[in-house]
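Labels A, B, C, D and E are assigned to the chains in the order they are written; within every chain, residues are numbered from 1.
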Amino acid sequence: MRIGVFVCQCGTNIASTVETEAVAREALQHPDVVYATSYMYTCSEPGQQQIQRAIQEENLQGVVVAACSPRMHEPTFRRAVEKAGLNRFMFEMANIREHVSWISNDRQANTRKAAELVHMAVAKLRFNHPLSPSRVAINKRVLVIGGGVAGIQAALDCAEGGLEVVLVERQPSIGGKMAKLDKTFPTIDCSSCILGPKMVDVAQKENIRLYACSEVESVAGYIGNFSVQIRRKATCVDWNLCTGCGLCMEKCPAKKVPDHFNEDLGNTRAIGIPFPQAIPKKATIDKEHCRQFTRGKCGVCKKICPVGAIDYEMEDEFISEDFGAIIVATGFDLFDHSSYGEYGGGRFPDVISGLQYERILSASGPFGGHIQRPSDGRQPRNIVFIACVGSRDASVDRPYCSGVCCMYIAKQAILTRDHLPDSNCYVFYMDIRSPGKNYDEFVRRAQEEYGVNYIRGRVGKIYPKNNHLIVQGADTLLGAQVEVEADLVVLATGVEASAGARELAEKLRISYDQYGFYMESHPKLRPVETNTAGVYLAGVCQGPKDIPSSVAQGSAAAAKVQALFSRDTIETSPQVALVNERACVACGKCIQVCPFGAIQWKELRGGIQKAEVLPSVCQGCGLCNATCPPKAVQLQHCTDNQILAEIDVLCA
Amino acid sequence: MNSDLRSELHKKAEQAWPDLELLIGWQAGYDDLHTTPVFIRDSAEISKLIWNPWCTQNLAVYVAKHFAASSGKDDKKIGVCVKGCDSRSLIALLQENLVARERFYIIGMPCKGIVDLRKLHALSGAARILSVQVNAEQVALKSAAGVLHFPLDEVLMRKCRRCRYPNPLIHDVLVGDPLTPRTDAHEAYNDVAAIERLSLQERLAFWQGELDRCLRCYACRNACPLCVCQDRCIAETRDPKWLTQYMHLPEKFMFHFIHALHLAGRCTECGECERVCPMEIPVALIKEALNKITLELLDFEAGLDPQRVPPLLTFDAGETGI
Amino acid sequence: MTQSHDNPAHKQALTIVGFLCNWCSYGGADTAGVCRFKQPTDLRIIRVPCTGRMDPLFIARSLILGADGVLVSGCHPKDCHYAVGNLYARRRLEVLKRMLPFMGIDGDRFRYTWVSASEGQRWQQVVTEFSEQIRSLGPNPGVTGKSAAAATA
Amino acid sequence: MDTAIKFIAFDQLNSALDRISEQLDVWVPVASKDQKRVIQFAPYRPGMTLVLDHQTTLGPKQVVLPQVEALFRFDYRKSADEPSRQKVQLEDPHPPAPTLIFGARPCDVKGFLVLDQVFSAGPFVDGIYAARREQTLFATMVCGQQDSACFCSSVGSGPTDRTGSDLWITPIAAGYVVEALSDRAHPVMAWLQEAATELHVAAAGKVQEEAARQQVGNLAVDQCQQHFLQRFADTNYWQEVAGQCLSCGICTFVCPTCYCFSITDEMKDKHGERIRSWDSCMFFTYTLEASGHNPRPSRLERYRNRVGHKFSYFPEKYQGLIACCGCGRCIRNCPVSIDIRKAVQNLQGQNHACS
Amino acid sequence: MHAHNPYRPDLASIREVVQETANIKTLRVVFEDESVMHNFSFRPGQVAQLSVFGVGESTFVINSPPTRREYLQFSVMRVGEVTQRIHQLNAGDQVGVRAPLGNGFDYENMQGKDILFIGGGIGMAPLRTLLLFMLDKREDYGDIMVIYGARTPHDLCYQYEFDQWQKANVNLVLTVDNEFPGWKERVGFVPTVLSEESPSPHNRVAIVCGPPIMIKFVLFGLKEQGFEDSQIITTLERRMKCGVGICGRCNIGAKYVCVDGPVFSRQQLSEMVNEL
């Protein structure tokens, strides 16, 4: 190989503490180095031209530039050598600025270090091979998993951009948690008024196909070419026929069915539409409570249904769809407060969750918007809100802040005071987290304008006494014990990862943190990407957040998909793992460890199995290479031989 | 007693034979002290099978290397005789999905220990041992110098004297009754600890002295039931080139690092690597040291639970201290 | 062997091999450079995509061949660019670190650490501490130094 | 031939070797570990304790055919004024020094007689081997310690086989009686100070007689060349004799007659060597071709080739010479106790009935 | 060759590199020592060990004929470590050459006969040396037919010489495995083309070289057409190291491919142990 070495002076940035001429001179002594020089600004136009001229004149097959960090100018120089006819991977950089000239003034030591770094780069380059990216076609359909506000936003934005969207929702209706909210902070605008139109849009967009009551069963493939199996759960109502008239719901004799949409505060029927604004507006049978299933006879709905949509024999159905990208917006679940024994462990009917209170406040809720106690329907006078229930509490393995509770307590307290001006509201809190736009002002309004009593401290115990709930706590600001005789206690239950989030992550081969929230690709710079290319995140599934952030993420994810789909093919980096089939012993360890599912079995003639890397899925981490015992998997451009060559320069 | 067990082995092999296409066991070797593996493909040869304190080879070595990929004729299985320690190798292979459990019929041999021929030779002092007899717990050794008697326990292999699993942990049939594990096996890592008590310099000197003899014949590797690379070992390949062909100490250290690190969290301590070394290098100690580390650090012992994933092939986001 | 710490020119050159992940620690080292955080000059950095790429054998080989120190640095656990590469790596590296002394190689010659791209100051501290540590250990005899016990008979 | 017989008393052995080693490189069998039976030939240093009453684990093959040696050195040179031109210079290895192998067994020496054919009989002569062989003397000891793996008598050698040796050592009660067998031995004899008495010589004679009476091994090899070829395609047979082979290299590495080697280049920076290193026909990579094809893909073909090489191909090529010295090392050291005697003995016969 | 050290190559320098196909390059080399170059003689079909110092050696047939002595020519397919490095070499670079090794073709016994060359891919290299040798002594031989096949037209070596071969009265039949835009010659595997051509075995010698699968079916085809084993000549590939019959690995029974081969008649092969 004929190698040229170019040592940059970077003005005086390098030259002031490194003898660049000496480094170039020494480079000339290495095997295969046929040309070496030092230059004032190698990255400048004339500097690049000098490299290109040398490639031509000296018939160079590889180039080393010793200059700044490759994180800075590697792309620049790769383009430069490519223009001169070399493959861009026949290029190496030695970082003699950030790692040498800028961190020591010892000219002698720096020069030696720079020379060794150049030697290492040369040694590595001798094992470089030309690599070229491959391209794969993109299937421009997008799957959105989860029909909460984030998923809805993502689906609508994608559809707006002309993409074909499939939206999969586990529940019978989209809308998610937001659909259950009465008002939203800090504007106190009606939740269903702002969400409702978006839900309707989803139903009306021709390029959105909605699968409600459905779940993702399996995911195969990779960016641009996912193949997803979706399970459509048996609703026992043929949705093609159902008009959503609601007759079945009226006539259903099973009347004591807990109303999940109302957080079990009221009852509903065994067949029906979860709430009036539901999308799709289709009935579903709750097999657990339906008499046809529990007692084997009833059939009232089947008789009554004007369109004959009832089908008790219906079974789950599986459909396969192909997508180029997937947006995950699976939302969250509420922390189950029964693990707090001091708050009654779920035994006191008048100690309720924040979302239950939200339903109580709602005009479409179990009590028609009248605030009353679940136990006896009495209007409460003293209402205590307790913050951080299942948040910032390591003892229940929820050390993180749920981010929304401080705000929704403030909102609920304001609404309470609005509805019941005679009531007293108490808020036990640890700290107030209100960093959003107009958020802190909102909390202050609760305190100052609405006279909500904020008590900084934890509640130690709640116990019933004379039809009241005695809330014992500490006011840490006053340093005194506090006792409130409450009629209703609202626990600001925190946010936790949705049930089944881990299983779905494993199907999608994305990672999750220890609480089950999905991991973004980079916490700052790639907040909606995952480490599995083509899979994006939106909403609380990635971590607790409020509605504006969820919506923003939904749009961001949609924008990422639009950007991805703006081309017909994607170029895949050639810096990926490659299996030498002859050396592969089929031990499967690479498949076991690959974080991206980028390695699969391949069957050769005679049933022999070998590992095979899918270059478009491989992210180039090299974990497989490190794991492979016979080193049959090699990460291109960072092969064992290349690393060993660098080590040998230093140690051998 | 041995002959009783041998006939029980024959009987159980006969019973299993209709379901087997092959049975791997031990047969008599070229003299009293040696056994050699036998591959029985005809039920008439079952009588060749033996079982005694010389049945040293870990037959699990053949399982992944020669038979894992082949599918049986008419769903017939491969029978394999395993001692307690050998059974752990099989489990380790199962842990890594290198073999399919249903492909094998496992004949478990509860084992009181295997005789270490080197100890025997060292005790006899003679070039030629004429004959050996084991009666109960005694060994009678006859050489030109006369007959010598030793307690059996004294001439057992190192691994046997620290054996915690005399009974096969996985088997389809057991030959003989399960044994009670020896009581003095709790100090399983005594030999490792002895090295650890040396100073760093002494340890280096120790390994320099031992590894210097290494011939790179790769017997330790090939006798290892869990060394799956075999013909593709990076100690031999030129691409990638991890090692030169020189016989310098760095090369020898490196080879043993490769072998040991590839077994980290996987080694079942069958001791074959050490037994087969013609230069008597205590190579198993390196793996034992790694096992001690993975036990202390990651609470893992290879070859016990077929469901567990070897610790270096997985991770735990929540673990602390590393 | 005495070394003068006063005059850097008289310091005996040490070979410290650094394996840095491209996303965090290599960037951290760049940041340290950009901030002109002064560091000892013994470290030579090899860029790898992820600490998950680190086969412990690379480290073993470096030390066997006589590197005076080996420093591996990657993203903080749970911040891995590849999600879990460093979670595998830390197990493997810790096992190696504990194995080295058994073979007579000083485990203090090897260190692994987590430094993010923003932590220039931390990088400076890591390099300085580790270089000092290696300097106090002195040159690595490698495995070639024949000792009395190694001789036959 | 001058037949002055010399005597070395046990307590004089080291001083005798001290004197000889001033003139020659001397290799002697020593135990490499206390309490262990690993005995190897090592360059003699004053004060060493020799182990002469056991066969060595490794024979002295490495003295003449080292496990690794340079075939030549190469250097890339660059000229300052024209750096793009690098020129290679080659340099032959240094000529060998005169060497004495002290305390080898007849089987060990027999091994060299086999190697001589390969390296020196042509058509190409390996000058590196030949030069070292030329410079090497053998002081061989009558063998009185055979074990159940030995079969030297079966392959045309025996405990008292003097072929190929330059000096002949017989241990007696008081020390060693040393005779010269070749002219090359005379300088060494001259450095030995004590002449053997008649009593010594008579005692030596009795030891010789006793040793000569030993028939070590009863393997019949006269027809094995043909029998092997007839057996060649009998897969069942090879499965039977080598099914348990682990494909390690022990048998070849400890074998005094195995000589196969690999050639590789090793280079550091601009300087390097082309080296040869012991290879093993038991290794998969030994015959692996660049295309990926391997004519001996499994241990069966490889073991068959080993038996064929020693007992059929070699005698076919070299006037009936069996490439086996009967030392038994391959049997003794085999991890799975494969017995090459059995593999050869059973070559004849119809079906693969062997046991 | 060095008498005392048969492993030591003679230094040679590359005069020219020709890119034959995507993964085959042809090197034209001359010994640096003029007297070595002057005294060098070999038989067609003999091989050389070509070295890149620091990487290693590999075996190649000398595919220029002994009748043309201005350089030695080797065609190298990139398959492994050594060939990879050889492909990086340029004109002016040094290599080591140990030659001549092996037996070469028994061309004396082919004189006066018709010749059939059957080659596939890089397998044309050993045939080329004999073909050119015969063309240089054209009157000594009868009809010469060449069937040469490759996967695609781009995988055929020595295309730049085809005209010259044909001008020297060679019946050149070219084939590629599948249809290819612009390809006007035959399409199909070599054995198929052979049976279509069905050259008469009468007074003819067939020389076959190519990938193992091709050889297998060509040998079968030749047999069907009535060629005797003694009329079929092939060259064997075997892993070689020393090239001088010492290092042991290239044996087939008692024969060493590096000294007794690589050229064998089918007759000879049938007398050897079956271990190809």
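As a working rule, contacts are C-beta pairs under 8 Å (C-beta built on N, C-alpha and C of every residue); 3 or more make two chains touch, one makes a residue touch a chain.
All values derive from a computational prediction rather than experimental measurement.
J.: Starting from the defined contact criterion, work out which chains touch subunit B and subunit E both, please.
T.: A, D
J.: Based on the averaged CA atom positions, which chain is farthest from subunit A?
T.: Taking each chain's C-alpha mean as its centre, the farthest from subunit A is D.
J.: Give the chain pair, either A-B or D-E, that is connected by more C-beta contacts.
T.: D-E
J.: Centroid from C-alpha atoms only, then distance subunit A to subunit D, rounded to Å. What do you get?
T.: 68
J.: Which integer distance in Å separates the CA centroid of subunit B from that of subunit C?
T.: Taking the mean C-alpha position of each chain, the two centres sit 36 Å apart.
J.: When the centre of a chain is set as the mean of its C-alpha atoms, what distance in Å lies between subunit A and subunit E?
T.: 61
J.: Where the CA atoms of subunit C average out and where those of subunit E average out, how many Å apart are those spots?
T.: The answer is 52 Å.
J.: Residues of subunit A that contact two or more other chains, please.
T.: 2, 31, 513, 593, 627, 640, 644, 648, 652
J.: Can you list the residues of subunit E that touch 2 or more other chains?
T.: Residues 54, 56, 80 of subunit E touch two or more partner chains.
J.: Please set out, as single numbers or ranges, the residues of subunit B touching at least two other chains.
T.: Residues 209, 230, 237-239, 242, 314, 317.
J.: Going by the contact rule set out above, which residues of subunit C touch subunit A in the complex?
T.: 8-9, 11, 13, 15, 17, 22, 26-27, 29-30, 32-34, 36-41, 44-50, 52-55, 58, 61-62, 65-67, 78-79, 81-85, 88-89, 92, 124
J.: Inside the complex, what are the residues of subunit D that reach subunit E?
T.: 71-72, 74, 76, 85-88, 90, 92, 118-119, 123-128, 131, 229, 232-233, 259-265, 267, 272, 274, 276, 279, 281, 286-291, 293, 295-296, 301, 305, 308-309, 312-314, 316-317
J.: Could you list, by residue number, the parts of subunit A that touch subunit E in their complex?
T.: 1-2, 31, 59, 61
J.: Touching subunit D in the complex: which residues of subunit E?
T.: Of all residues in subunit E, those touching subunit D are 1, 3-9, 11, 51, 53-58, 79-80, 83, 92, 94, 96, 212, 237-239, 241-242, 244-254, 259, 273-276.
J.: Per the contact definition, I'd like the list of subunit B residues that touch subunit D in the complex.
T.: Checking each residue of subunit B against subunit D gives 29-31, 34-39, 48, 57, 61-62, 118, 121-122, 127-129, 209, 213, 215-219, 221-223, 230-231, 236-238, 244-247, 272, 275-276, 278-280.
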